[in-house]
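Look at the two complexes coming up: subunit A is in both, with subunit B in one and subunit C in the other.
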Partner chain A sequence: MQAATSSSHPIAPAAAAGGPAVRAWIAVAGRWAAGLVLPALLFGLWLAAVRGQWAPEQILPSPALVWQSFTELWQSGELQDHLAISASRVAWGLLIGGGAGLLLGFAMGLSATVRAYVRPTFDVVAQFPVLGWVPLLIIFAGIDEALKVSAISIAVVVPVAVNTLAGIANIPHTQVEVARVYRFKLGQVLRHVVLPASAPSLFNGLRQATMQAWLTLVFVELLASSEGIGYLMVWGRQLGQLDLVVVGMLLIGAVGVSLDVLLRRAESALLGWRRVAF
Partner chain B sequence: MKRRTFSAALGALALTPPAAFAQDKPPVIRIGFPNAGTGGRPLGGGSYTANAHHLRAIDEEFKADGIRVEWKFFPGAGPALNESLANGLVDFGFGHGDLPVLVGRSTGLKHKVIASSGRGGDSYFVVPAASSAKTIAELKGKRIATFKGTASQLTLNRWFEKFGLNDKDFRVISLDSDSTLAALSTGDIDGTVRAPFDLEARGVARRIHEILDDPYITRPGTVWVSDAFEARFPQIVQRVVTRLVKVAHWSTLDANRERQYQLWATSGTPYVDYKATWDRARDLRDRLNPLLDTYYTASIQRSIDEVKKYKLVRRDVSIDGWLEPKYLQNALKELKLEDWWPQQDADGKTVVPGRKLA
Partner chain C sequence: MTTASRSFDWRGLVLPGLLLAAWATVTAAHWVDTRLIVPPAGVLRTALRSLADPSFHLGVLFSVARDLSGFALGALGGVALGTLLGVSRRADRLIGPTFHTVRQIALFAWLPLLSSWLGYGELSKLVFIALSALYPVALGTFEGVRQITASQAEVARVYGFDRRQLLFRLILPAASPQIATGLSLGLVYAWVATIGSEFLLANWGHGLGNIVIKGRAAFDVELIVFGMVVIGLVGTLLNRVAARLEARALHWRRVAT
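Take a look at the complex of A and B:
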């Protein structure tokens, strides 16, 4: 793919002599193009399925209709409203669940006593899927905002805590030894040893948590809601407007990808010193 | 070896004429209800179409022909019945509510209206027992439950309008019937529209308003057959409709009133709710009425105006070319019931009274 791109590129011969900057740019463009192949194929499949009427039009809306619904919803501001509500639910869930997960992960990672008391329980509780919590949560939190935020928080706690714990557990013993030799205080150990060494795993946990948060959001918004992206999808289905469901799916995908990119950016900005082999 | 049997099977498939086209009867008749009993049990109530299932009337009709009748009950209500038709999994809809049936038509589902499943009835606005509200207006900004996408959504909108309010004044959430019941008892919702009698007897909820037999609040239900089925088996459609009208007649006889309540109560909706709401109908023919008269068409037209006003459909929807009353007319003639049911005008006033009872 890359080779083909560079050889067919009109400025390639000059660039070959010109400099590595252009070649690097072409390489990046090639990677982007490669990433677009699969979506393009899926889109083609969608088009073919609609044209060939592989599924009834009531079940599989055409891309044109989906695009039309998207622009209509966007122009009326309705989509932004739903998105804002869903985003605030995810943000609260991430804040509460992420905070609790970090605390739990650090406490278990740094203190053998906490680990001894908490870890067995945590390991058991971490096995429950968040959907299993929902009936119980409805009893305690009702069906309102508290249910949505608490369900998302629960979904977020586990990946954050597990990854924080793993990050700390994997700090090489030698680094802690060096810190001891330098007679670091606890604050210094955290700042200069624990945080830098566990950061990759920590970010990994955050990324997983964000994904879990969106998944859970859609599920809880399917229950007793009157707003949000998940609600928009249920509503679309109830009214036989499957195009709304597809708009919701695409939007969730787009938001998920942007969040992931943001987190990756933050990670590489903070951890630029690390060299990655692949 | 495997490949050879596979291609042999393919060849056989290609050579055999499509069985269904060769016969003039289907192997199975699939009938869908836009509801299910409590907890999803496959039983219904409150209509003569439900009686057709309870009494096994259609099954009996086609037993000698070896045609199986498949009854499908959808806890997902009217919208789920639409999806099932879109996927070609049902042939008849036995009593679709106005909103979902119009949504289905607007999305291009192909069906014909062959009868009405009933009309009229009472409507109650219910709040949790602990609520201090005495009027709907006091519930502004509170959570009201309805099953969105079903006829009950439009009924709720009519309630709001009657009190000079609209759905923007409330937080209207979507809950199915079972969940609404649970949410009423936990106080998770502040109001809904449903029968109150059993809830009041158990001290769970109470009604704050009631609208009795208002022809503008309620809408007739719709019985349809898919275009695909009708085109292939018109004589089967006729037999289904004739049998259905026979059941409708049975259902309107006062002698069968009590038996009916008991059959309906097996669906899980309490007997007292049926008794209290249906004992008010002194002549059952006023509600258990299959006619496609002026009241039916005018009511559906009113619903069409509503779904457009509330922007619940995206494409145009019209009643033109949708009704196919010939099966119903044939059945009424054959059973000598042409004058049995009262005919009503657009405002629900009886213009041709039903046959005098002896």
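Take a look at the complex of A and C:
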């Protein structure tokens, strides 16, 4: 922690002396160090609270206990199992909901007739939070896999369809005109005009959908589940083992960060060619 | 979109009409298990009964009050945090990374911890709803503050603004469109958080979410369907009112465009 505070001023004299590479490196290190100050302080506070027994252990598990629970669960493979189950639920939901959303978005975007018939209903349904669906889904689908996958699918459909629609609506008229002059077939129009022009928007949809899927999964697992990360937390809560709850939170946070990084990487890899224009 | 928005397009009514007709037909003809897929008339009956029931009104009222007070707390915190991170590079470096990391913890994962620390009562729900509104508001405010140009700040300096004036006459007004975007997003999240926390803490307190989730336990499908509609309607209504207020509050900006 001391090291972190002392190196939190990246524009140190040493930086001015070094080359630009060294200076850039020091700047990055400084940013990291500065960013770690607050977590270090919070961790210190946590330690102090545990040492001073400010709260009973059921309410405030020690960092050591959390770490121990984490390693135990990890070594027994239990944590990986929960993670794998949660991940497969998200994947199925993304696949089903994403497919339906793309279909809906493209149909509404490309055909004025479909838009006229479906759009008003879609707009109304899209206003309803997914959580509202969950009790009804429990009645129809029970509390097993079908519930999780259907809830996540519903959560995914709306952002995917909305962004697909927006992406198509924003295609410049001139591009469609050019395609018409070249007498493109529908497949060609899709591949050479619609997809490239709407790609950023489609990706935006994917990003929002992934985040929504993850949020919905955690909610449904907390509400009704017998496996998965959310279940681990409910279980820990019921046993009064808050260390399990904290492990669950850290895991959920780690997955959230990984998803965010992954999506950003994928976006710059897939849409990197667009950078050239700006 | 190409048709004139003034004239009503009847084609939009076809799909809901068909769905309703299909719903009425399959239930009337008993082609499906009517305990599971309840007839529309049953939902209507439940709706009328609920609307005449004061405890239903009370539940909705509790939820809306909870939603709005949590939102207000979160919005205030969000504007404060966003402004701080936006104005001070040092604060951004110290707090920003932690904020952006903690933000990635899916919202509902906080609820078990919050309920252990603050109990199952009103307080944990309130903090939870505030947290849900805080993120988007803070992000919006941050973006708004960061796009204030150096020349605008220069003018403020020339006028000799003190800190208070700087905040209330330059920073917040200049960032207001992005703050408004953050606020409207925060309102949506706050409502989701309200209903979600009432679902997850169903046995404690009163609220629309409690009523609906208890309907599930009692297998009262009519109530669930009606509750779902009310949840959607209240959320939509709140967003509409917010959009109105935003348009009025930012009216002065229209002069510029």
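The definition used in the following text is that the second predicted complex is superposed on the first by the 215 of 278 C-alpha atoms of A that agree within 3 Å, B and C clash if a C-alpha of one lies under 4 Å from a C-alpha of the other, contacts with A are read in each partner's own complex, and residues count from 1 in each chain.
Criterion: a contact is a pair of C-beta atoms (placed from the backbone, for glycine too) under 8 Å apart; a residue touches a chain by one contact, two chains touch by 3 or more.
No experiment lies behind these values; they were computed from the predicted model shown.
In the superposed model, A:237 lies in contact with both subunit B and subunit C. In the superposition on chain A, A:59 makes contact with both subunit B and subunit C.
In the superposed model, A:262 lies in contact with neither subunit B nor subunit C.
Once the two complexes are overlaid on the shared chain, A:226 sits against subunit B while remaining clear of subunit C. When the two complexes are overlaid on their common chain A, residue A:271 makes contact with neither subunit B nor subunit C. Judged by the touch definition given at the top, the superposed model places A:142 against subunit B, while subunit C stays out of reach.
When the two structures are aligned on the shared chain, A:48 is found in touch with neither subunit B nor subunit C. More subunit A residues lie in contact with C than with the other chain of the pair subunit B and subunit C.
Touched by subunit B in one complex and by subunit C in the other are residues 58-59, 138-139, 234, 237 of subunit A. Note for the complex: subunit B touches subunit A at residues 79, 82-83, 86-88, 103-104, 106-109, 143, 145, 148-149, 171-175, 179, 183, 186, 188, 312-314. Residues 8, 31, 34-39, 42, 58-59, 112-113, 115-121, 127-129, 131-136, 138-140, 169, 214-215, 217-219, 222-223, 230, 233-234, 236-237, 242, 245-246, 248-249, 252-253, 256-257, 259-260 of subunit A touch subunit C in their complex.
Partner subunit B is touched in their complex by these residues of subunit A: 56-59, 138-139, 142-144, 224-226, 234-235, 237-241.
Across the complex, subunit C meets subunit A through its residues 1-3, 9, 11-16, 19, 36, 93-98, 101-102, 104-113, 115-117, 188, 191-192, 195-196, 199-200, 212-213, 215-216, 219, 221, 224-225, 227-228, 231-232, 235-236, 239.
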